[in-house]
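One chain, subunit A, links the two complexes that follow: it is found with subunit B in the first and with subunit C in the second.
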Partner chain A sequence: MRIHRRTLLASMGAATAAFAAPAVIGQTRPRVVVIGGGSGGATAARYLARDSDGALDVVLVEPTRTYYTCYFSNLYLGGFWGLADLGHSYGTLAARHGINVIHDWATGVDRDAQTVTLAGGAVLDYDRLVLSPGIDFVEDSVPGWSVTAQNRMPHAYKAGSQTELLKAQVENMREGGVFAMVAPPNPYRCPPGPYERISMVAHVLSERNPTAKILIVDPKESFSKQALFEEGWARHYPGMIERVGPDFGADNVSVDPEAMTIDIDGMLEEVDVCNVIPAQKAGRIAEIAGLTNEAGWAPVVPANMKSRMDDRIHVLGDASAQGDMPKSGFSANSQAKVAANAIRHELLEARLFPARYSNTCWSLIADDDGVKVGASYEPTEEKIASVDSFISQTGEDAELRRQTYEESIGWYNGIVADMFS
Partner chain B sequence: MGMRGGRRQTGKAVTAYRRATGALALALGLGLGAALAQPTIGAEDLGDAEKGRAHWQDECADCHQIGPGAANDIGPHLNRVFGRRAAAVADFPYSDSIRRMGRDGLYWTLRTLDAYIENPYSLVSGTRMDYPGLTDAEDRADLLAFIRLHSDRPSDMPEAAPTARRVEVDLPPEVLEMRGDREWGEYLASECTTCHQRDGAASGIPSITFWPEERFVVAMHAYREGLRPHQVMQTIARRLTDEDIAALAAYFATIDD
Partner chain C sequence: MEKIDARPRVRVPRTAAPDEVVQIRTMATHPMENGHRLDRDGSTVPRHIIHRFTCTFNGETVIDMEVGPSVSANPFIEFDARVPESGTFAFAWHDDNGDVYEATADITVS
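And then the complex of A and B:
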């Protein structure tokens, strides 16, 4: 089946038609297909639809019916947030904004014909394509680990069942057992994410299993908000957390999921729970579309998030290689708005505005102990460059930390409203 | 510096040191165009405490107490207010808004008090201090000199860092009257709505929906100048131009979602 713009329009229900300005009903509207309904894709679809008053045919392709945010999934592990509160559906995007949400996988992109093929067999043509497929894991980046072993050694780096599984494993770990994390090399999604996770696991263990130990096997010399995390760990979870860096061979690691062991440069560690976060690359569809570089990411034009390989395609979020912005939900959301404006300019002659990018990442270290790091960014020819930044300070008073945590809840509610409401 | 050599800032001795150089209150004084025409105080300037006593009676004493035995009243007592963190008097039922500012790191200094007295809402949007502001910069300097008499610790001295930092904020009245480009504002607002929900729902992050334009403008200038504390907001505001701020204000005042 090949869905053409006209047939698609005709098949849209009355509710959707009510959103379209009468003048465009029955005419061919330019179509934007968005692949991936996460932080970048849902935001882009929503801004494209709501700012164009029905003048664009926005199609969102996303296999899952409920999007579980990775943000706050660590807080769920720590018992601070409910699983249901992580999940968001696409109903409002369809009902309120007239977006055609198709729950399917995109399996192919024909850039010459300007079509996207779905797993279910449909072929969609597009005037502009937006890709925000998130990440996939680099095969064999941790020898011994593969997705077939992900139940014995969960990654929990795409939220949902994996996160539930890891939580259950932490909670049921034997008394005095070892929780290990194999941390990812740069670049990866959410730079402070693994260390916020360590904090949350430590929080659970210090309450339920205080003699347990945590081992971080980290191929990186240093990590995001390191001073803040280390200060917090020493204060809240003294003696529980040990981190092994590349100086002790953590850049040469393999695992045995059957035996539940980690081999750190020849030294064998037996562990009880093992969270393997492999090296990452752009979501596979970006590679299928031929938009990625040797490193596995999709280079983009800093001013508008267009693929450097194809100026009818924008790549957003984690999958993009853009410069200084961290791979975060906040970043993807920020980039989506710039791309949506650029697309509406090209297809509808809307006013074009200069790109503004920003990011803030909050992390929770313990009960009421929140920290943040953030920056604003500007496009240069070569990359999106950080122009101004801030970070929480060590030694801040408890009241400020509590407020920072509350602020993160405000942000969570804000960004999901900005994506799904 | 005005206060060198152990000179006490009482009465005329201090007035003699007043200089009409700093443009301290300007970022916040915009709502009040008249203030701009007048010389404004710099951080090292204090007024005439005797004149200030009269202003205290007229402007403050209905709600605040000061001096020996002062207690909380409609407003908190103002003994030792210089150098104190905002919302720090025990047992006083402050507004959430000023508590938030206190947690963010708002300290009462000559500079911040001057801004607050000039236009309370410009510094603390949701303050319950129901006071229209004292527009005349000299009157404020006098009043603060009086209040300052009751804050006599060395660390309160206004010329001690960081209060002594002179900020030249040059905000002509046309900035305030600037008509914001609403469409530009709507685009820029997408940066705000990652955290501040468009429909005004607030949880941990305050609502900025339907703010009067002027309140919005003064608040953003205050962040940009670093008068209002908050890391995220200062970083966001630092790259906004006057036009950007006017545009955002125009959008949020009439937001329709």
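And then the complex of A and C:
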């Protein structure tokens, strides 16, 4: 297609009229590079661009063109949510908010030169860098498992093709077979996530394959919303779910993906489908940038999500070590708004608001049986601290549980709009 | 009474010194309906529990335990045993429905 200078100018004029004119134009604009287009990164990029009227050059680096939310991916496994409903693209961030969306991997950060290197070779200067890379798996945390075996034993803990694969394996499992999950040690993304997943797998199996069994091999003594899940499992899926904890050696587990066996401290279990959720650490770029501690997470300043190791870098979401907030999409979204405000304050002298954080994690146990846990948080010197919290109660009536589930759908629609619209 | 797939599990050290006291852990998957719970229609769910648990070592009784309806679902039982010689622990869980769930574990004393 040929573009005439006159038509180009006309379309630019129309575009300029469609949103506020930039306050500052050209290379003098401070640049904020955001690495990772999930709940932390997409929210940060959107708030930075939207609230600065074009005064910031916002660059978002995200390798995938369609982002599949981890939250609600369990509901897809359970047949309550469509795969397409989990997927979101970055077009509106570019078209409506003027964000420069680059689909590439960030492979290096030079903190002295304040540059980010991309896999494609480009080098980006930054005034401020926001890292929101999510999680990576700790190598050899489950001996025998590696990404080369993830098709035989899917993790499905970064949503997308792995989630589709696990769903297919569950649906095609032999009659009366065993679905096993190797659950992760703390801390990890989405504390109730593995147990909501168990609920959704149980829902599918109880309809399609009712003599099937579920085995949870869990290195933890206890887990999030345990009383609620166990009550729900006894009610909806009696006798189907067995959980083996560290009392029975579940803190010493290895797998053989070829033989489809799990070795629980010397006791061999034959399984038909095996969901291995390994131990986790901050996404690799945080480590490459030298921002992580011995535990593999990036410590941050509670008041503004700045890295404790570099005050030109903010780390958001699952990758950060911040205190009491769980690693969740809601947390990352909440942290991103605090960081975006702090960055606009420093670069554009925008008014600084005191940091307030909040989180809620909903889980679906069965059809219309939703539960939640949440809290609000404030920064102290040492950590982001929980100031009050709430949790669903055992024995709640069906109507309240249905409302809780409805509320979670409202939240989902709200957060993806807050990230992508 | 319905059948239960109790999947009994035991955890016993593989080796011990002569006369060593070892820790034994057992677990069975069982709803342990205590007979007092109401279902959603308001009617009582009938009692259905494991009412007895036994452990022997080379045929000799180690523990013989009456289990009551207050014990929670998936009963977890832990106890110590002195092991004089190599042999086999045999465990049995007695269900109200007449079924007995069994498991064994060998231990080598040297």
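General remarks:
Going forward, the second predicted complex is superposed on the first by the 397 of 421 C-alpha atoms of A that agree within 3 Å, B and C clash if a C-alpha of one lies under 4 Å from a C-alpha of the other, contacts with A are read in each partner's own complex, and residues count from 1 in each chain.
Keep this in mind: a contact is a pair of C-beta atoms (placed from the backbone, for glycine too) under 8 Å apart; a residue touches a chain by one contact, two chains touch by 3 or more.
It should be emphasised that the depicted structure is a prediction, and the values quoted were computed from it without experimental measurement.
When the two complexes are overlaid on subunit A, subunit B and subunit C sit side by side with no clash.
Touch criterion met: A:403 reaches subunit B, while subunit C stays clear of it.
Rounded to the nearest 10, the angle at the Cα centre of subunit A between subunit B and subunit C in the chain-A superposition is 90°. Of the two partner chains, subunit B is the only one that A:358 touches; subunit C does not reach it. By the touch criterion stated above, A:238 is placed in contact with subunit C alone, subunit B being left untouched. Once the two structures are superposed, subunit B and subunit C can be ranked by residues of subunit A touched, with B on top. After overlaying the two complexes on the shared chain, residue contacts for A:395 are found with neither subunit B nor subunit C. In the superposed pair of complexes, A:417 makes contact with subunit B only, with no contact to subunit C. With chain A used as the common frame, the shortest Cα distance separating subunit B from subunit C works out to 18 Å. Looking at subunit A, you'll find no residue that touches subunit B in one structure and subunit C in the other.
Touching subunit B in their complex are the following residues of subunit A: 47, 330, 333-334, 337, 341, 351, 353, 356, 358, 360, 372, 374-376, 387-392, 399-400, 403, 406-411, 413-415, 417-418, 421. Touching subunit A in their complex are the following residues of subunit B: 100, 103-105, 183-184, 187-188, 190-191, 193-199, 201-205, 231-232, 234-236, 238-239. Subunit A makes touch with subunit C in their complex at residues 213, 230, 234, 238-239, 242, 244, 247-249, 265-267.
Within the complex, the subunit C residues that touch subunit A are 4-5, 7, 9, 11, 14, 25, 27, 29, 31, 73-74, 76, 78.
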